[in-house]
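See below for the structure under consideration.
Letters A, B, C and D mark the chains in the order given here, with residues in each chain numbered from 1 onward.
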Amino acid sequence: MGHARNRESDGTIKKTSMSRRVLVVGGGVAGIEMALALAELRCDTTLVEQGTSLGGNAGALCSLYGFEQTPEELIGKKVATMRTNPGIRVLFEAAVRDVKGDVGNLHVRIEACGKVHESDFGAIVVATGFDLATGSPVTSGEPTAISCSELERRLAQLRAGNGRGRSNALSVPRNVCFVVEDSGVDSAVHAASALKNALAVQKLPKRNVFLCCQNVNVAGEGLEALYREARASGVVIFKFDGDKPQVAAADRGFNVTVRDASVAANDRCNGLMDLHCDLLVLPERIVPGPHTPYLQKLLRVDVDSSDYFQQNNVWLRPTASNRKGIFFVGGCRGSFDVCDILTEARATALEVYTWIGRDEIPVSVGKVRVDPAKCAVCLTCLRSCPHDAVEIVFDGDIGGKTAHIVESACHACGICVAECPAKAIQMVAADDLQKGMAIKGERRQVEQWVQN
Amino acid sequence: MIVAERKPITEIREMVEPHESVLIVGCGACVTVCMAGGEKEAELLCSILVLAFKDTGKQFTWDCVERQCEPEFVEPLADKIQANDAVLSMACGAGVQTVVAQFPSIPVYPALNTQFVGRPLEQGLWAETCAGCGNCILHKTGGICPIARCSKSLLNGPCGGSVNGRCEVDPENVECGWQLIYDRLEQAGTLYLLDEIMPPKDWSTSAHGGVRRVIREDVRL
Amino acid sequence: MGTELKIVAFCCEHSGSLAARMACAGESETSAGTEIVSVPCSGSVQAADILKAFRSGADGVVIVGCHDGSCKHLVGNRRVQRRVEHLAGTLKEIGWNPERVAFFPVSAVEGQLFRDRLAEVVDRLRGLEAGR
Amino acid sequence: MGSTESAALVIGGGVAGITAALGIAESGFAVSVLEREEDIGGHGARLCCKATDVCRQCGACIVADKIEQVRAHPNVSILTRAELVNLSGAMGDFDAAIVRDKSEELRIRTSAIVVATGFAPFDARQKPELGYRTCANVLTGLELEEQIRRTGSIVRPSDGCRPANIAFVQCVGSRDPHIGNDYCSRVCCKYALRMASMLQARIPDLHVTVFYMDVQVGGKGFYDFYQSCRDTMRFVRAIPVGVVEDGSGSIELQYEDTTRGQVVKEPFDMVVLSVGMVPAADAGTLAAMLGIGTNGSRFFASRDGTEANLTNVDGIVLAGACQGPKDIEGSIAHAQAAALRVVAQLGVS
C-alpha cells in the first residue's frame, strides 16, 4: 500500500520576515533558564519580571532536592551569567499590557517602572510560575500548623544562627510531623519537598520527625536516594490510603491519628497510630499564578482543567500552546520539578529558535484560502479555528471586511473549511495555486485499500 | 439578522415529490450567517434530495445568490430556474416571495421556516431579541426589549411567573426579560426609568396593524 | 449478500491513516472494498463530503479521527462527531439507516482496533442489507 | 572504507534519538542517526495506545508521528543495522567508525555526538520469586504493551482465553536496593494504570488489582486519572513475594496483607510485572568507547544536576533514557534540550 504522506507538498513556501526577538514573561527559574538558553542561540531576549528580583518561587526555597547547590547559588550563578550577556534585557516591575499582531510579529506593550515599552516579538514564552494558596489553618486557634515554606524559612534562620538558643528550638521544636495528602498536579512536588524538609529537620540535633503521606514521590532524579536517606536517618514515614489522618490541637501541639497500611489491626491494636507533635507542617496548595486568566485572554491561549496554562493534549507536550509562537514553561503549565523545568526550558528554547532563529521563516501559504467575495463575515471561522489563525480584515478589492487566514498561524487542518456556511474557504494545493484554481474534492490523497 | 431553520426533510420531500427537476436556491445573506440556507446548506440539501429520490430519475441542482430578497440578484438565475420544474428556496420568506414574484409560472417552495430577528448567543445558538414592533422603546428599558424578551410582552414590569430570574413559560431556557431589565437599570443607576408607567402600546405599527411599509420619498427613484 | 460493500473511510492523517496502514500491512485477503481518504484532520470532513461519497455509491461512510483529547487540532474530532450525528439524523429522515455513517476514534498505533471497528461497521451494514 | 561528513551524529534511533535529530535538522544542520536494529523507533515503537476513547497521554502515537517526520526530513540520514565501533577526535572534529550489516565499514566525521541509546527493560528473571518465564501467564508490562499493540486486546498465553482477573505488580526491578536498582523508573505507574484502565474499557467486568508501594502521581492530568482508577481498580499496598501457577494456568500470588498482618494467597488469571528501566546492556562498553562516565545506577552520567544533557566530554551530549528513566514526554524534552546544546555548539563554531 503506497501510503506516502508528504506534509509540506501541499503548500508553497513563502519567506516571511519574523521578529528575532523573544519575550519571556516571568523571571523565575524557568524564565531565567529560557533567557540563557535563547542567548546561547543568539536570540535577542527580553525578560519581564513583575517583582524587583529574579528567582521566583524556587529562589525563595532554602534547598532543592536533587541539587547540591542551594537555590540561591544556582539562581545567583545563572543571573550573573545573564547580566554579562548583552542579548538579554531584563525589565523589573514590569507587566505585559497589550499584545497585538500576527504570530511571528507580535506587537507587545510592556509597562515597566511606569515606563511604556513597545516592541515586536517573534515568540512569547510564558513562564509566570505558580502561586502558593494561603489556605485556612487545619485547626482553629492556637497552635496553628505551618506551611512547608514557613518551615523552610525557619530552617534558613536556624542555619544562619547556627541552630542554638531557645527561640530556635521553639521555631523548629523537638517533635515535628508532616502531613501530605494527594491533591492534584502538585501532589508529587509536595511529597518530595516534605521528604526534603523532613530530612533537614531530622538532621538537627534531637528531633523526632514523622511524615504521613499518601504516596511518596520518588519519580525524579535522586528522589529514591533522598527517601532512603530520610528513612535511614530516622524520619518515621507513615503511608495512609483512604482514611485521611485526623489532626487535633492538644497540649501545646497536635495529636495526629493516622492509619498506616503496614500496621495491622489485631486484638491489641486497631491499626491506628497516634502521634503527638509540637509542630505540624502542611504543604500549601499550589495554584495557577494570579495573572493566568489575564494572560490567557490577552494571548488567546488555552488552560487545562485545573486552570494551568496549556490544554492537556498530547500534541502540545511538553511546552507548545494552541497558537504558534507562544510557549509555556514551568510552573505556569503545572510542571514543578526544577530539574524537569530546566530541561523543559532548554527544549523550548530550541523550538523557539527553529521558529524565529533565522531571519526569515518559511511559511506554507495558500493551503487555506478565503474567497472575500463569498465571505459573509459570519465569524464562524474566527470562532472555530483552534489555532487562532483567522482575523477579519478590510479587503480593498471587495471594499469591505472579510475573513483572512493568518498564514504563519495556520496549521491547515481544514476545520474552518468544513464550518464555513458560505463555502468561502477552500483548501488549495500548491500546483493549482499557480493555475489559480482550487482543487476541492481532489485535495486529498485518495487510495484504494482492500480491507481484510 | 433574520434567523431561520431548515424544514424537516420529510416536509421538503413532500413538496418536491410531484416535480421532475428542482433547483435549490440558497441565499448569501442572513440565512448564510445563521447556517440555514447558505451555499453549504444548499449543496447539502441538494445531495440529500438526490439520495432521497435515488433511482427515480428526478433531477436536483443547486445555486446560491447574494441576497434572494432582491430581484436583481435573482434575475441572473432566470435561465436555470426556467429550465426546472420547481424552485426550492432556502431564503427567508422575503426571498421566497421575491422568486415567486419574479417567476410566476414556476412553483416555488420554502425550504426554511423563517423564525425571528435575533442574534447569536453563542456559536450555534440564536435567540429572538427584536420583535420588529415598529416603535422602539429600548432606551427606556435598559437596552433590553420587553416585547421580544418578555414572553408576555409586558410593558410595566414582570408578571407573577418570574422566579429566580427565570420565566415561567420555560424556566430552563428563558430568562425573565423584566429581571434582566431591572438588573441592567440598577447597574446603570437608572432605576427611576421604571417610575414612568408605559401606556398601552399602539400595536398598529406592529404586525397587527396590517401590511407594513416603509417609504423613503427622498431615496425613491 | 456476498457482494462487496463499498466503504469510504475519511481518515485523519495523524491517526486513522497511519492505523489503516498498520492494519493492512502484510494483508492480502479481501472481503470488502474500502477506500481510504486521508484528510488533514477529521474535523475537516464536511457533511457534503460524506454525502458525495454516498452519491458515488458508497454503502457506508466512516470518519476515523483521534481519541478524545488527542486531536492535533484540539477540537476537530469533536466537531466532526457532532456533524456526523446531525447527518445521521438527516439520513434517517430520508429513510436511510443512520448507521451508514459513523465516527470512530483510533490512534496512529491501533491498527487492529481500526480493523475491528471497520469490521463492526461492515457487519452492521451487512445486517442492514440482509434485513432489507 | 566510505567516509562521509555530518554536522552531528546521533547514536540510537529511539524516540530520543529521533527527536534530537529532528531538532538539529530543523535548525539547518545535517544529522546522521545510527540504529542498531532493523528499523528506527526503539522501545517507543513497540508501545500500545492506551486510550479508552479518551486519550491517556501515553505518547505512543507521538513516537509514530516522529518516525514519519524523521524519515521524511531531508537533513537526516538514517543508518539502520549500524553500530559505532570506535570514536576518535574531539569536539568539532570527531571521527566515528561504524560497522553496518556486521561487515560494511563506514566512517563519519562529525562535530557533535548525541548519545541516545535508551534503556533496557528490567529482566524479570532476576526476581525468580515472581515467576517470570516459569509461569506462562506472568508477563512483563512491555510484553503486554506489544500484545495490545499487535492484537488490540489481551489473552492468556497459556490457553488464549480472555482473563477476567489481572494483577499488576509494580516496581519490578525499580526501587530495589537488593538488585542494585535504587531508583524509581518513573514510567511504570503510568503505563500500568493506563493499560489497566484501557483493558477495563475493552473487557467488561475485568478485575484489576494493583500491587504497589507508592503511586507516582506526577504530570499534567495524571492525578485525576489516578483518582478515577481508584474507583475501578483495587489497590493493594504490598509487593508480592511468591507466584505459583497451577495446572489450569491460574496464578496464585502470595503477598503480605499488612492490614491483617498475614501472608495471603490470591488467585489471578494473569499477572503483569511492571518492569522498570535499566541501562542498555552495552552501556558500559559504549561509555568506555566515548570516554563518558556512568552514574551510581549505571546510566550515563550528566555533568551535574543542572546540566542533564552534558557529559564530561565536550561535544558529546546525552538524550533520553540512557541518562536515566524517562517517559516519552520526558525523553522528547530531554532530547530536544540535547539538540539545543548541539545547535548552540554548531552555530558558535
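Throughout what follows, a contact is a pair of C-beta atoms (placed from the backbone, for glycine too) under 8 Å apart; a residue touches a chain by one contact, two chains touch by 3 or more.
The structure presented is a predicted model; accordingly, all values stated were derived computationally and were not measured.
**Student:** Taking mean CA positions as centres, which chain lies farthest from chain D?
**Tutor:** B
**Student:** With contacts defined as at the top, give the pair, A-D or A-C, that has more of them.
**Tutor:** Most C-beta pairs in contact, of the two: A-D.
**Student:** Where the CA atoms of chain A average out and where those of chain D average out, how many Å apart are those spots?
**Tutor:** Each chain reduced to its C-alpha mean, chain A and chain D end up 25 Å apart.
**Student:** So how far apart, in whole Å, are chain B and chain C when each is placed at the average of its C-alpha atoms?
**Tutor:** Each chain reduced to its C-alpha mean, chain B and chain C end up 36 Å apart.
**Student:** For chain B versus chain D, what separation do you get between their C-alpha means, in angstrom?
**Tutor:** Averaging C-alpha atoms per chain gives centres 60 Å apart.
**Student:** Which parts of chain D, given as residue numbers and ranges, touch two or more other chains?
**Tutor:** 55, 57, 61, 68
**Student:** Specify, in ascending order, the residues of chain C that touch 2 or more different other chains.
**Tutor:** Residue numbers touching two or more other chains: 46, 52, 69-70, 115.
**Student:** Residues touching two or more other chains, restricted to chain A: which are they?
**Tutor:** In chain A, the residues touching two or more other chains are 5, 312-315, 384.
**Student:** So that we know how the chains sit together, what is the shape of their touch graph: line, ring, star, complete or other?
**Tutor:** other
**Student:** Can you list every touching chain pair?
**Tutor:** According to the stated criterion, the contacting chain pairs are A-B, A-C, A-D, B-C, C-D.
**Student:** If we count contacts the way the header does, which residues on chain C are in touch with chain D in the complex?
**Tutor:** Residue positions touching the partner: 14-15, 18, 66-70, 105-110, 112-113, 115-116.
**Student:** Report the residues of chain D in contact with chain C in the complex, numbered from low to high.
**Tutor:** 47-49, 51, 53-55, 57, 60-61, 63-65, 68, 149-153
**Student:** Show me the residue ranges of chain B that touch chain C in the complex, using the header's touch definition.
**Tutor:** 8-10, 13, 40, 43-44, 47-48, 50-52
**Student:** Using the touch definition up top, name the residues of chain B that touch chain A in the complex.
**Tutor:** It is residues 28-29, 32-33, 35, 38-41, 43, 123 of chain B that touch chain A.
**Student:** Mind listing the chain C positions that touch chain B in their complex?
**Tutor:** 46-48, 51-52, 54-55, 90-91, 93-96
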